[in-house]
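Which chain is which? They are A, B and C, in the order written, and residues in each are numbered from 1.
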Amino acid sequence: MTTSSSTASTGRCALLLTCGAALLVILLALASLNTGASQMKLLHLLTQPDDRVTRVLFASRLPRTVALTLAGAGLAVAGLLMQMLARNRLVEPGTVGTFSAASFGMLLAALINPGMALWLKFVLVSVCAALGSWLFLAILQRIPLRSALIVPLVGLVLSAVLASGSGLVASLFELGQALRAWNSGDFSAILRGRYELLWVAAGMTVLAMLLADRFTVIGMGKDFATNVGINYAALMVLGVLMVSLISASVVITAGALPFVGLVVPNLVRALVGDNMRRGIVLVALCGAALMLVADLLGRLLIHPYEVPSANLLAIVGSLVFIVILLRGRRQWA
Amino acid sequence: MIEAKTLSKRYNERLVVQDVSLQIPRGGVTAIIGPNGAGKSTLLSMISRLTPMSAGSVEIDGMDVTRTPGPELAKRLSILRQHNQTSLRLSVRDLVAFGRFPHSGGRLTAEDQHHIDEALDYLSLNEFQDRHLDELSGGQRQRAYVAMVMCQDTDYVLLDEPLNNIDMRFAVDMMQLLRRAADEKGKTVVVVLHDINFASCYSDHIIAMRGGKLAWQGTPDEVMRDEILSELYEIPMQVHELNGQRICVYFRMG
Amino acid sequence: MGLTTAARWRLLLVAVLAVLSIVGFMTWNVQSDWAFIIEYRGSRLLAMLLVAVAMGVSTLVFQTLTHSRILTPSLMGFDVLYVLVHALGLAFWARLGLGSMPAVVFVLDVLLMAGIALVLFRLLFGDSVRGLHLLILLGMLGGLLFRELTELALRVLDPTEFSIQSGRSIASFSRINLSLLWVALVLTLGCVTLVFTQRRRLDVLNLGRDVAINLGVSYRRTVTLLLVVASVLVSVSTALVGPMLFFGLLATNLAYWISGTHQHSWTLVTTVLVAVVCLVGGQLLVEQILQSRLPFVMLLELCGGVLFILLLLRGVRE
């Protein structure tokens, strides 16, 4: 009896948190709509509704805010997925080579044909991202995992190796500057018509919510999953594809945005526990909120200039990662 | 003599070993028994300085283990833990030779070679001596490590569940070997055992632990009793006398 | 514990290659006067040899301590720590009137580095291999954090002037910091001698913590000492040519294969020889013989990185 009532109370707590997070996202989105290089404020819609105001709103502010929300939610969910596929809480697409592989894909696209059609580029980058993620997971299956820490360690090193490959190619073809831009994501160049790819990430996010139960089972390992009658191999492939599509769409639109996928799921896990069907909506909402905050801060810190969100996220993310490691120190060591 | 005084180990808030004081006299085989989580291995690794203690002290022949220099202690006491996986490509002889490290610092003398040969012989590893560790079965590898510890030639030999993962034949071999080491060479052997009947048949002294505390200690005759063992393991147990040995039966009672 | 005959031949071959690389590097394509060449190429050669020794030895030691063939001390962000110490120290040393003596500043930097490394290890090293993994991860993240903070500071201080700098500058042998050569030589020789005296203890450490303690090695003290030595070697190499992440990986793994043993008296020598062949020979091949403008260090790094992936895919221990 106690278990079921405590489950119910965690459920209620999760529901409350989810509502709170949704409210927070709405508030942050309004703040994001209200902020920008031009003087336009949301209030002007009522006081002086003219063409200029609506143009700024619909051409720049709204696309940026929507892009931030979709990318944040997508990345957080991609991180969660990656954690279940790798069966380790200390990984996310940015720390296992998915992003590095995606920017290698961007490099390839630029080398093959700088004016490549968007869909073709998306396919190319997604394939690269999928190969990078697959490489990581393949390596994980082949090494003895004597400590939970070896997993993020291998991921980070793999990521660095892929990045050094991209660096070599980029320096040969003088694309270093572009590579750096892809590696450091920001949303300053988002306009209407240049973010719509992120709806793919949104689709994947929704799909992940629908399949949350299955991925939770995947997170318990192959034998367990097979035992409860789940097609492990197929779901792994699907998971890698979803992570890669989300990552590719974000990297193409804004560039790599590190640590959202690490920070958010771990935070949510601390709040509502490990059952992801209960947590995944909250993960998506918190991801969106974090992304909005990072972007707002980036716009306000040195107004009218901008600090890329990737910069701020990397600072916050590595700090949080360090705290997680130190707090779990006895457990890891 | 090994003397532990008010020894405790705390992991976070959990007390794994609590206020254990005991004396293990020189010579003979001492077995440490008890259910899972009783703190047997932790006790052994605190005695052998592998795990730092939270409170208390351990002295080996009057030398405090935390203060005595490592090489000094390594000539008096050796410890073998359960899990000794190494993926180094070492031959059995190379591994056994490491047992001489405390004595010669890695530069092997003729005397060291003699000790190595003797240890290989003692554990019947002669035919395997040039095989690599990764080519051996679990039982053979375990014996190679025991040979290393024997080669270290210390008065005190501590082993943590040396019978794990080896079949009955090798288990009997191993226990007979430890018995011989105590009887013929005068070594003091302390061994953590899961199988209480091995403890009963081969040891001179049994230390029983439960919940991190010392529960009973004494000779096999004193400890191998229905009421003591039943209370220790919390299942009904009956001790029978068979061929002069006290054997405990617990497989299917009532 | 000796070498097999095949291993002896392989080792001999590497030694010959190393000598050939050095001779070739000094004599290939000499057109102008010899005095200049000897001074110009000689100093570059010395720098490369020092880097080869420093990276090779520090990586080998690090891999023994971590029981892993895929980690290098450069991953821990020592290079970043060195840059931080150097930047912060510079202002302070200048006030003491040491600004014009780069060698003295360098030694002070390295001492400070070693001190910080020592304190960090003491605080964080959990006395086990997993403790080391934690340490490495924290080092990597600390390095990342520091780089990103620097970038943010640069942007905030001067938003207009900010030119995006690469996150991690790449090592280069065309921009060798020659003013530090002799100090670096002394430091490297000191560290390598120290490591060599510990070679038998390193053999024991290879068997794992418990066995090492059983055999009388004071584990924590030895490991801390060796980690500090590794950090000094990495900062020497970083100060000379800049950061290199994976080169050490290439050197040690080739050395394990060539020597076919884990005995440090052999692997230490082999690693150094392999590193010399890779660096000096490679540079000779790419720059002088092929006359290519390929960024050589990046190529070397990539080789190390690819080797890393292959090792992992083959399921090498960790």
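Convention: a residue touches a chain if its C-beta (ideal position, glycine included) is under 8 Å from a C-beta of that chain, and two chains touch if they have at least 3 such contacts.
Chain labels with UniProt names: A, C = Iron complex transport system permease protein; B = Iron complex transport system ATP-binding protein.
None of the values given here were measured: they were computed from a predicted structure.
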Two chains sharing the most contacts, counting C-beta pairs only: A-C
Chain centroid nearest the full-protein CA centroid: C
Rounded Å distance, chain B centre to chain C centre (Cα mean): 42
Centre-to-centre distance between chain C and chain A (centres being mean Cα positions), rounded to whole Å: 34
For chain A paired with chain B, centre-to-centre distance based on mean C-alpha positions, whole Å: 52
Interface hub residues of chain C, defined as touching at least two other chains: 317
Complex contact set, residues of chain A against chain C: 135, 138-139, 142-144, 146-147, 149-150, 152-154, 156-158, 160-162, 164-165, 167-168, 171-172, 176-177, 180-181, 183-184, 301-302, 305, 307, 311-312, 314-315, 318-319, 321-322, 325-326, 329, 332-333
Touching residues on chain C, where the partner in the complex is chain A: 70-71, 75, 126, 128-131, 133-134, 136-138, 140-142, 144-145, 148-149, 151-152, 155-156, 159-160, 164, 166-167, 170, 245-246, 294-295, 298-299, 301-302, 305-306, 308-309, 312-318
Interfacial residue positions of chain C with respect to chain B in the complex: 1, 127, 200-201, 203-204, 206-211, 213-218, 260-262, 317
List of chain B residues in touch with chain C within their complex: 45, 48-50, 52, 69-75, 78-81, 84, 86-90, 94-95, 97-99, 101-102, 105-107, 148-149, 152
